[in-house]
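In the part that follows, the structures are each spelled out as structure tokens.
There are two complexes below, and they share subunit A, which is joined by subunit B in the first and by subunit C in the second.
Right, the complex of A and B next:
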């Protein structure tokens, strides 16, 4: 397999637009260029049509009063932005997100790293354990949310969680409907952990396997104790690049939280992350695309700033990573 | 493998690649090319019939989809394709109405935004002859500035159904005031059964009825917020009382519009529409009673939410006239189909008075009582009440019912949003 894979690798880098003199040679380049566009073209077209165009359109819409239309005519300047930045529901959705991120990012980080370390140490059936923990990633958020909502965390006596609790004499809990205490966080956090731990675990395993074994050997020779000391001074620093990307990916994923909130508790004002709120005002029944677009762009800017900050703090992408 | 293919094969490979790419692109664009639900082919030339797309949300009762298709097939002047939409119909419809790739004919509820942004056409000409056969409320809910924009298809009263045996056992009479209801729900709650099911959100569906039962309304006739007085605050506060008493069922696998909770014995009472009567009667037999949302006190009246669905013609349709003709045919001329739609699956009141009067299935039992309550206490939606106002009101309800916030303070917040919307719409 590996030899045939090597055969397919193009011997020269795909250098579109670079022209060289010489008949046959030139034809080859032209062919490569064509092939390049053939392969890349559809994706570029898709990206342009389905990502960049909507973003630009959204930017335009954000300056207009656009109810029930994507071709508005009433220019309102920055009013939509002002409205969104003073809209307590939008601000509270950012608050909801913050609570969510405070839980989900560290939890995912620690738990997926722990899983990766465990799976990496297993001597038998390594591939089996890797697959088992990775499998939930293949499940859709909607499907998982419905299972969580309807069978595990439903509020009546025959829900799984309530059945288990009733063995200990605990009264039924309406997991998704109770705001005081806010039990709904348990299903919301746990469904995401179940779905995404495996994915980040794989990233960590890849990182672990890249660590040069001679580092560990040298550490042993120097008298480092296996366990915490090795982990703290060898493994963790060596995983820095992976850790930073896991954190960044995780935070962005948290900003994009929609499916589990929407499917588990719907569009309610005490726990809706920004995307659920924006969906509600722009694509739901309200169809206020002007305010929705402004909110989406504000959110995009926030994500960009936070990612930049994170990159600065952790020094992601620095030479040597 | 590929490296060992002789040079001559390159052409073939190129060709294949290109053809494959093209095919993929074609398939991709075809897949994206707006599935409008209209039958394909059958171009307009040569006197061929026009194609119309008719959109429905997913009705819960078995047989409804087949019925909708049957009606469409029976129409001979156009090819009507029915699009049945499970899930979030509202959002799909909203985006469908933005372009001409959406439906020609669709069901929904009217709000002034649809008219302001030219999404629907007036249907005065097709309803003119039979206007007096529709109830005042059903006309009002579809009228803006004197023009009728939709033909009511079904009327869905929402009331409280209860297990007679459970109330009898506890010695409780059907509540006459909200306080009675709160007390009854508390008394009927045991460790196995909750007093009442009003939705997994804790009772937002009761917001309107509670408001009406206090004598209030969403918007007054002169387009001012009608929910800002102390009586409304008091009625909404009582919804919180019921929630705080833990007498409401929460976290049920199905929501309030499904009779699952009352049928499975999870609750003694449930807020639900008349559509579920056949399902409830099948499960509970005659152990079923009905009452309207009770009045706040002797000064006001009980309330029934008279919801339902209405047929509209999209202004962006390429065949507005043909679409109007079809709507007239189905929802005005075909009494037999209207009766089938209203009575043979779930129960709905036929909007045509002449039909409702002879609907045999609605002449007895809880269905008959529900119809009577609707005639007496029914409230229809106000088309000037926009979704944005609705969202503000729902936020108010969530804060009051679940978080125990002060109703008057929340009312003031919602009033602000409603005022902004009113000034945007009416200046």
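Right, the complex of A and C next:
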């Protein structure tokens, strides 16, 4: 039991006081505080420097003027916040986000669930189908945006979308620059669907496979009709935990949309989500880190509130897991 | 997974063969599935088609399904283009991907193990301080992080690209949950033989947890390789561009060489397609484990 006595000397009186009889125990407790920090310390140190410090610094800067500098220059109180909350461009970026979320969240939910149901019920080549739908996850938003912008929705004759439409006699459409009607939503929404449906499908498949098969048997014995009734009264309620996860992850991801807007459309006012606008303010030609910090904190608070509300509305999703 | 497959096996007959519309429904389902397959694979076909075409093939008014002649020379053209430092960008991405993933896993697994297994009076408080960072939406922090990294003088450096991304509260949280469920008996046996915490971790816990490490590593690597906003913020000089930033800059350049750009796309997704081909099992586990947050 008792091992070599190097570490046995109790360095901490409290820890030593708690020790039980036996050499092994003693060794376990004596050096534990130090050992704990050897394991956890490097991580916590990094977290303090690269998570806590930035947020505190940003909070400070948000009350100051800070052009092209990271040191606070002139105290302005709440002015940066007032400016941001009355900034038409910032408010319209929140509007852009809202339209985006209204489309992307339900579409992703329904389509990834549909894919999961389809793949789950296939009897042959199931792994093949799952892989095909999951494969776009390997592509970055940059890659997908380039394909969409230069090959599918490029707005000229040789683009795939316009080629297909021309078979039906439709004139070329300038997808990314037409504001009325807002065609640009089609590439923006479809690129994200292509990239993320497979990810959420995997979550739903995992959820489907956790459903106890005896529930289906019981429902059948009770006379439930296969198809819609089974889906409505067994499958969907059993997927509640997964559904809540998918909705929340998806909404948070939508708030942070940047890559596809930046690469497909750029920093223009008709389709600019909050992050693209904040990027322009704080890292554009003038680095206005005071207003940028205030905007980032406002956005963070909005996301946290909405996430909390969503969790409340759908109930906390632990039960079904 | 094995039990899950069995589960769905018993599920199917009830759901479908009994339906009066079963046969029609089955055909419709297959049609839907095949249409979806075509739509999902279409962009991959476009990458290959454009990467191996001449500019004239791509911009021809009539759509050609395949380039009349495959232009393998496009690979050479891409790497000898002096306007876009593609080789350098791939190197940067590889360094960021490998060191970023390795570092994040090392730090998070050690922290997770310490939190799960080493008794310490204030372990709870430390854990809450880590979990609290999960509340902050990741992308919103790019301005705050830029402020710190810029004052360290790390803008346009690989350090600036990698180090701030190493400390993932979520990864530490996942590792802690995993180690809490690790069979204690294995550890006890090693402790009786005189191993300390580090010995147990390194010789017993890690070798017996490789699938979990592989799952988290695969997800992290893909995230690092594909990440765009942070590298864009930090890479203000072309020597520190990652492949994503290089491609994005490429497209906004004065003259866009579509075939060259698509060759860059093809090269850039190759490492990830290989990961998908060989590590898909781990990847799917990683998605399932990291996706269900609550």
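Details
The rule we apply is simple: the second predicted complex is superposed on the first by the 271 of 321 C-alpha atoms of A that agree within 3 Å, B and C clash if a C-alpha of one lies under 4 Å from a C-alpha of the other, contacts with A are read in each partner's own complex, and residues count from 1 in each chain.
Assume a contact is a pair of C-beta atoms (placed from the backbone, for glycine too) under 8 Å apart; a residue touches a chain by one contact, two chains touch by 3 or more.
Everything quoted here is computed from the prediction, not taken from an experiment.
A count of residues in subunit A touched by subunit B and by subunit C gives the higher number to C. By the touch criterion defined above, A:288 reaches subunit B but does not reach subunit C. Looking at the shared chain after the overlay, A:94 reaches neither subunit B nor subunit C.
In the superposition on chain A, A:67 makes contact with subunit B only, while subunit C stays out of contact range. Judged by the touch definition given at the top, the superposed model places A:132 against subunit C, while subunit B stays out of reach. In the superposition on chain A, contact of A:189 is made with neither subunit B nor subunit C. Judged by the touch definition given at the top, the superposed model places A:263 against subunit C, while subunit B stays out of reach. Within the superposed three-chain model, A:220 lies in touch with subunit C and out of touch with subunit B [touch as defined at top].
Of the two partner chains, subunit B and subunit C are each touched by A:157. Residue contacts after overlaying the shared chain place A:249 against subunit C, while subunit B stays out of touching range. Once the two complexes are overlaid on chain A, the subunit A residues touched by subunit B in the first and by subunit C in the second are 4, 7, 35, 38, 42, 70, 150, 157, 266, 283. Residue ranges of subunit C in contact with subunit A, taken from their complex: 4-5, 7-8, 10-12, 14-16, 18-19, 21, 25, 29, 32-33, 36-37, 39-44, 46-47, 50, 58-61, 63, 107-108, 110-111, 113-115, 118-121, 123, 126, 129-130, 133, 135-148, 150-151, 163-164, 166-167, 169, 172, 191-192, 194, 196-198, 201, 222, 225-229, 232-233, 244, 247-248, 251-252, 256, 258, 261-262, 265, 268-269, 272-273, 275-276, 280, 283-284, 287-288, 291-294. Of all residues in subunit A, those touching subunit B in their complex are 4, 7-8, 35, 38, 41-42, 67-70, 89, 150, 153-157, 159, 171, 173-180, 266, 268-270, 280-281, 283-288.
Across the interface of their complex, subunit A is touched by residues 1-4, 17-18, 21, 24-25, 28, 90-91, 94-95, 97-98, 113-114, 116-117, 119, 191-192, 200-202, 249-253, 266, 386-388, 390-391, 394-395, 398-399, 402-403 of subunit B. Listing the residues of subunit A that touch subunit C in their complex gives 1, 3-4, 7, 14, 24, 27-29, 32-33, 35-36, 38-40, 42-44, 46-47, 49-55, 57-58, 61, 70-71, 114-115, 118-123, 129-144, 146-147, 149-152, 157-158, 160, 163, 194, 198-200, 202-203, 206, 208-213, 216-217, 220, 226-227, 230, 241-242, 244-245, 248-249, 252, 255-256, 258-259, 262-263, 266, 275, 278-279, 282-283, 289, 292-293, 296-297, 299-300, 303-304, 316-318, 321.
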